[in-house]
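Both of the next two complexes hold chain A, though its partner changes from chain B to chain C.
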Partner chain A sequence: MAARPIHRLYLPGAIVAAIIAVALAAPLLPLADPVKMEVPARLALPSLGHVLGQDEYGRDVLSRIIWGARASLAVAFFSAICAGLVGTALGLIGGYARGFLEIVTVRSMEAIVCFPPILLALLVVTLMGPGAATLVIALTILYAPGYTRVAFAATLATRGLDYVTAQQALGARPVRILARTILPNVAPPLLVQFSLTVAAAMVLESGLSFLGLGVVPPAPSWGLMIRGARSTMEQAPWLLLWPCLALTGTILTFNQLCDRLRDVLDPRAGSAGAGWLERAAARVWPDASPAAAPSLLRVEGLTIEIETPTARIRPVRDVSLSLAPGETLALVGESGSGKTLTGLALMGLLPPTMEIVTGRVLFVDRGGRARDLVHLPETEMRGLRGDEIAMVFQDPGSSLNPVHRIGDQVAEVIRAHRDLSRAGAAAQAVALLKDVGLPDPEQRSRAYPHELSGGQRQRTMIAAAIANGPRLLIADEPTTALDVTIQAQILDLLAVFKAKSDMGLIFITHNLAVVAEIADRVCVMYAGEIVEEGPVAEVFARPRHPYTAALIASAPEGADAQLAAIPGTVPLPDALPAGCTFAPRCACAAEPCHAAKPAFAEVSPGHASRCFRWKEIA
Partner chain B sequence: MTAPLVRAENVSRSFVSHSGWLARRAEVKAVREVDITVGRGEALGVVGESGCGKSTLGRMLLHLLPPTTGRVFFDGHALHDLTPATRRRMRARMQMIFQDPYGSLDPRRRAGDQIADGIMIHGLADPIEARARVADLLQRVGLDPAHGDRLPHEFSGGQRQRIAIARALATKPDFIVADEPVSALDVSVQAQIVTLMAELRSSFGLALLFISHDLHVVRHLCERVVVMYLGRVVEEGDVSEIFSAPAHPYTRALTAATPSIRSRTRSRKAVLSGDLPNPAASPSGCVFHTRCPHAIASCAENIPALRQIAPGWRVACLRDDIVAQHG
Partner chain C sequence: MFGYALTRIAVALGLIWAVVTLVFLIIHFVPGDPAELLLSQGGVAPDPVAVTELREKLGLDRPILAQYVSHIGGLLKGDLGSSLLDDHSVAEEIALRLPRTLELIFAASLIAVLFGLPLGTLAALRSGSPIDRVLAGVAGLGLSIPVFVVGTIAILVFAQKLHWVPAGGFVPFSRDPLQHLILLLMPASAIAVGLGAVVFRMTRSSVLEVLERDYVRAAHAKGLRPSRIVLHHVLRNALIPVVTVLALHMGSLLGGTVLVEFVFNWPGLSGYLVRAVEQRDYPEVVGIVLVISIAFVVINLAVDLLYAVIDPRVRHG
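== the complex of A and B ==
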């Protein structure tokens, strides 16, 4: 993970500091008197004595800008801070306590929002008379509700989180929970709110001064300067430019500073999100003609690389596997083993930050042609996806579109690849939903995803995946999010479909027991490599890699046996051990294991292991 | 059974959900009329599928969620009757471990500070002593004491769960509710945490309410188990007895549906049909009758009471003949 980008604060921070320093130091600077008039030199152009020129009364503009900054900045900052303190406190209390206190704090603030802001400011100014202090009070009242609403919403979202409940469970007082747990976690949006408020307050201060309700002339403020310059806009337009530049420049740098401050305060800063579901630009490859055609799918030496700011890392290395029609291959491994990336790579759905650097994926299509999916142009790949190759994802909740009826979503998949009328596709969709065991399919096809249970959604996903009779189905943890009784139903459903067609199935999972049930062959992955491959029954009965053996031993089955946990954790792809990737955690590791990488070697026909010592552990 | 430490008497909890602009008010009865007891130093497993109310029950035992009806006693005190301040003091003796190690730690505070929270809140030690205690706790949960200075995101899921366990142990509690503490972890790490919890449990003499959907894990860690379905306890008893010869049709379906590495063939006929009913519109009579292969007409009308079929073994099923077939 990258270090926190504190350096990104330097530039805007320095500018803001400079602006504030100059405003504070105004009395000490060798400036002309900002209120001293020199009528003969009115509207004079910039000169050596008056760098920015002179205004309609001949006063020095530079001096007025700097002295004006004092008024504008002071009013803006004070009101933003006061509003922030009051508004945040009310929002936190309302959001945490709910009930009666919520009405008192949050709802009363919302009543203020109902007034037009200028009208409210005018009211306060009229009651209290113009002046900087009045402005601060008026702006505080105006801007407090903004903070309250932001703080309230953030508190509502945070108070239900486990770490807040954990504080309650520890016996912490509400005040402590609010101050030490909730406040720091709702601070980022409040910082943004603060920067917006300062900017808005500066603009409104200028506006009110412009109307003659704020800072009292002849004292300078940016709003008053804009007001003065307006009357002479025809003769001296540059006079309007200076205060406007000062205003926008200050606001922009200030917003920058607050934005970056928020990023820096985020403890997880530096992990930028990546766009999804977009194939990286096709690279030109020396395409070797597919020599021996596989029966359905053969992956040869697949290696995936991610470019990070610091290094190029390879989360999947040298993965080779093959699949025959009607066969089920399980890819099993823990998180970080690269099993999901391998599945996405087969679909050509790697995120754009990743690319396949070596390897081939040979797939035999319906016409019997072997095609290399790695080098296939995106348009042809799109033709295969959803048609000959389909995928089912782990979370059925987020992989169905929430705003479309499920029947339409299944019909969509059919129409994308078949020339079929809307009604024909709809009828087929209903038939498919019936096949996957959705109760009352005619009615249910008109339901939206949120109206279905998790198991029903996964059935729908499977219906969409098998809609065009794919030759290859990749299922990525399709039952992990489901309850065991529902998982049993889905596994049975997949087994029934496999029996009816010669579809090949790649089943990605972390659950060994599920593998035992559904798969013919299994590939055990660890830290980006396949460490063992073979027929399920044989691998489970006689594992030939210490990792597989340890995984089986650590499954909490059996009545009495002590659980054999694997010490340590999976190495990160940017910090792989020099020798065998499993050596640091391996109970059987010897000298050579730490020095060199073992080759993936056959231990018996159809059963291979990546271990130097497989004979000894057998 | 050992002397009771925590006792829930007939507790129920319902949630009222306002479903958006249609303004329908639906009452979801998450937990209904549950009686359970956890003895001193005893580990009680609570097993069931999503929506069965097991997490709600766990939170009620700690009074993090007050029960709608019924009472919870901790060491003889009715939690509901205590003043908030007394209850807060009592919290030093009962703690919680959450499912999601990513959500249960404050992302902005150092691991060591979070572990020390309980000690500081209850004034159990001065800051210097607290630091030493935190270092000791980190060591006991298998982490490097120097790592107390790190932020949560610098740890892996398993390590975070160790931190959460250290935080729960900091006040030397008598009772811990662990809500699916290993479900979010990888298999190999799961085994580490289960082993750690078993170890710590015996060395600290903890009573444990271990909530899980994984029968195998419960079997490893607990002496007794409660099986829940849609807010009700359907079976309760000794772990090994129940899992080797489940008496309630739901427990049977649950054990049959759980795949196993060792036996490749799950009995296909035991697969339950249908989905879990919506808890807002739960079935009349026995909550399980809509999916039960043995349901008869009276199951839809009468709510079966828990009744004893052997010492310490209770089942809620109307079909005596089916229950009698167990084992």
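== the complex of A and C ==
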């Protein structure tokens, strides 16, 4: 949204500069004396001589507003600077020296924060009597801890960096290191803290003056002016209006400046979309052309597009696959190959930043109807999700909601699709947890996710996924986050469930050993495309794509295989080669491979490859 | 859970002791003689006889350790000393006024949460939309208007021009419940403007963050309704930082009541404090500062315990 936030600094910056300039120039401006009374003209309406009218003592309001700005800003800036100097120094020293000095400087400042701010200010006023000097002292004490905290945190982060250690090794004195090296690095957060403090100090100064405990009359201050106007606000409401507007406007501008300054200095804080709650749009028209109904699932020419600030990229291109009931299809590829996005697309769970631009996903539901999931209305899709189509995610630790009991998290998927009482669903959840091999399921169902081991969490996720007896289960690297021994147990568990039903399973993984163990057929994905598909035994024995061959060659024996030994890296979706996507890394690439894209062609019945030279790969 | 609560309570008691000691030390280590300081007006040297009298009355002539022990002893018995001006018991006056201030804070928090939480959630769910921008603008304004400006303008508009409500004052609940609540409404709303804006902002950013979490995707994969995902899975988690921020603002909230009580003539603790400060009635100021600081610690304790209810992970830590 805010592509160039630095632009957004100009307006509030200019207004703040103007306010400060007018306040500074007050003695030079042709203003009436702000304290000169003219009792006969009390509460006079605006006139040529007094543009904003006259107050309850006949003093010129415009002049008092401008001189009041001077008082308010002087107190605010002066105390923000004093607090900044004191607080930053303490934070730098505490952060650099640590140990005893840290306790003296940083921890003592934290004690101050324990006090409600205005109480502390009032305590100082009690001891010292009202006045601008008291205000500055009170506000300095109050706002120093903020700087200390910021400077301390930033110093801690900076002092461990190599260039600081290097200076220490060269024998630079601590003061020099602090001033020359650390201070410039902690300056941005301190700048934000400074503008925050000025705004906060203005609020507190005006509040104390309003109470009669700040700036001493007859000197003008916005807080005092509002206090004065209160007594006559029924006859002269405009007198109240001017200082209120001046005060609120100034604080608002400072706050805006702060917010935008923070945006500029901390670009992380951009605006996000509606997360996982919205579904990606389909930009392709429903394909009404008749197709032979698949036995369970057929994906045809699926292409997903993302709009990035620089370009539209397609992380998944022309993916086609099919699955029969009771069959297991492994989707294999390196990270970024588009396999997870393909899985999410089948669930209708692509984030709203993405679009499906071509293709259809035909799924046969329990009633035997083939439906195009890409164009299914969200309410109907929701009816399928968790019921006929379920998904198990990679990291069970983050996929379970930390604040709910695991039994409830299993029961809710049952109740979302079945008309069942709370107790009935809870009992069924316990039974499911027992089925997935959770020890002592009765009691464990009342546990929270953080009380379970990683393997137990994934068992829970599987229990929730199979709760409604899905026809299709998509497992996205369900064992990657687990120990090797636990991995084997989870794979066994999935195999047991598949044997019990005619559920189709799409198993997304980068681990070839797992593929050999669990899958009937395999789809190898590379840079967003399927490059080879076929029966597992045949593909492993006679790979017909150089990428598959390289994968198999590079996979070490054993369960913990990693795909790392192929030279080069996967091309980024915004920088794809003109010809075959694998050509730049391919050992057998020839002239045509760099010029044109090979088609996905059958090499033997049920076995296809996207390679010009598949015949030459043995 | 029990162990967690016990630890928190022990920490809170330690903090209260620290606050008591700190206030005691501030009074004694401020440069110059406190009695002299309190009696001096406009730079005129005070009467030495009066100073000696005050020193005796405050017990400042005794050794500091003895003063500290009797100070703590008095506090344990609930004795906060008596006013310098009229010998009125400070503890009694505070006991009368503290509930009124707490009521104001409670009502203000309630209004702020009632508006800030749903609107913050709405803005997050519709982030980037016109609704989101309008709400963000309103919240920015709410954060920038000082509470006494809101209060004063509210009196001008709703009491003096429209005559909907009285300009301020207080009627005990036992005497006239309805009138009591009507009089509570304006000061509580005035505080709620700024506080509601804080709750709104925090809720918005917190909900936005939680929406990106894996467990929200997992909940979606279960085929749950969006309303259930938001209420059951998102808000419960998003509330945790909101509660933190609300607790952090309790301090400025206690401060905010000083101004609001003054504006609306609400006879709470804070108005009493302002008067005590004006008259430099030292036992009164110390007593009120102590009580408010302790209330602050207790509120934070309550929030800590509330955490444990919202977030099961906390009970373990």
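Keep in mind that, in the parts below, the second predicted complex is superposed on the first by the 409 of 618 C-alpha atoms of A that agree within 3 Å, B and C clash if a C-alpha of one lies under 4 Å from a C-alpha of the other, contacts with A are read in each partner's own complex, and residues count from 1 in each chain.
In this text, a residue touches a chain if its C-beta (ideal position, glycine included) is under 8 Å from a C-beta of that chain, and two chains touch if they have at least 3 such contacts.
As the structure is a prediction and not an experimental result, all values here were calculated from the model.
Chemist: Which of the two partners, first being chain B and second being chain C, lies in contact with A:A179: first, second, both, or neither?
Modeler: Touch partners of A:A179: none, neither chain B nor chain C.
Chemist: Which holds for A:L85: it touches chain B only (first), chain C only (second), both, or neither?
Modeler: Neither partner.
Chemist: Using the superposition on chain A described above, determine whether A:E234 touches chain B (first), chain C (second), both, or neither.
Modeler: In the superposition, A:E234 touches chain C alone.
Chemist: A:A550 contacts which: chain B (first), chain C (second), both, neither?
Modeler: first
Chemist: Using the touch definition from the top, say if A:A25 reaches chain B (first), chain C (second), both or neither.
Modeler: In the superposed model, A:A25 contacts neither chain B nor chain C.
Chemist: Examine A:I6 and indicate which partner it touches, taking first as chain B and second as chain C; both and neither are also allowed.
Modeler: neither
Chemist: Go through the superposed model and pick first if A:A595 touches only chain B, second if only chain C, both, or neither.
Modeler: Neither partner.
Chemist: Name the residues of chain A shared by its contacts with chain B and its contacts with chain C.
Modeler: Comparing the two interfaces on chain A, one with chain B and one with chain C, the shared residues are 1.
Chemist: Report the residues of chain C in contact with chain A in the complex, numbered from low to high.
Modeler: Residues of chain C touching chain A: 15, 18-19, 22-23, 26, 30, 34, 37, 124-128, 140-141, 143-149, 152-153, 155-156, 160, 208-226, 228-230, 232-233, 236-237, 250-252, 254-256, 258-259, 262, 273-274, 276-278, 280, 282, 285, 289, 292-293, 296-297, 310-313, 316.
Chemist: Which of the residues in chain B come into contact with chain A in the complex?
Modeler: 49-50, 59, 62, 64, 87-92, 94-96, 98-100, 103-109, 117-118, 121-122, 151-154, 156-159, 164, 167, 171, 186-192, 194-195, 213-214, 216-217, 219-220, 240, 244, 253-254, 256-262, 264-266, 268, 271-276
Chemist: Give the list of chain A residues in touch with chain B in this complex.
Modeler: My answer: residues 1, 161-163, 165-173, 176, 180-181, 184-185, 267-268, 334-335, 439, 453-456, 483-489, 491-492, 510-514, 516-517, 536-537, 540, 550-552, 554-559, 562-567, 569-570.
Chemist: Going by the contact rule at the top, pick out the chain A residues touching chain C in the complex.
Modeler: That would be residues 1, 111, 114-119, 122-123, 125-129, 199, 203, 206-207, 210-213, 223, 226, 230, 233-234, 237, 240, 244, 247-248, 251-252, 255-256, 259, 271-277, 347, 349, 382-387, 390-391, 393, 395, 398-404, 412-413, 416-417, 448, 450, 461, 464 of chain A.
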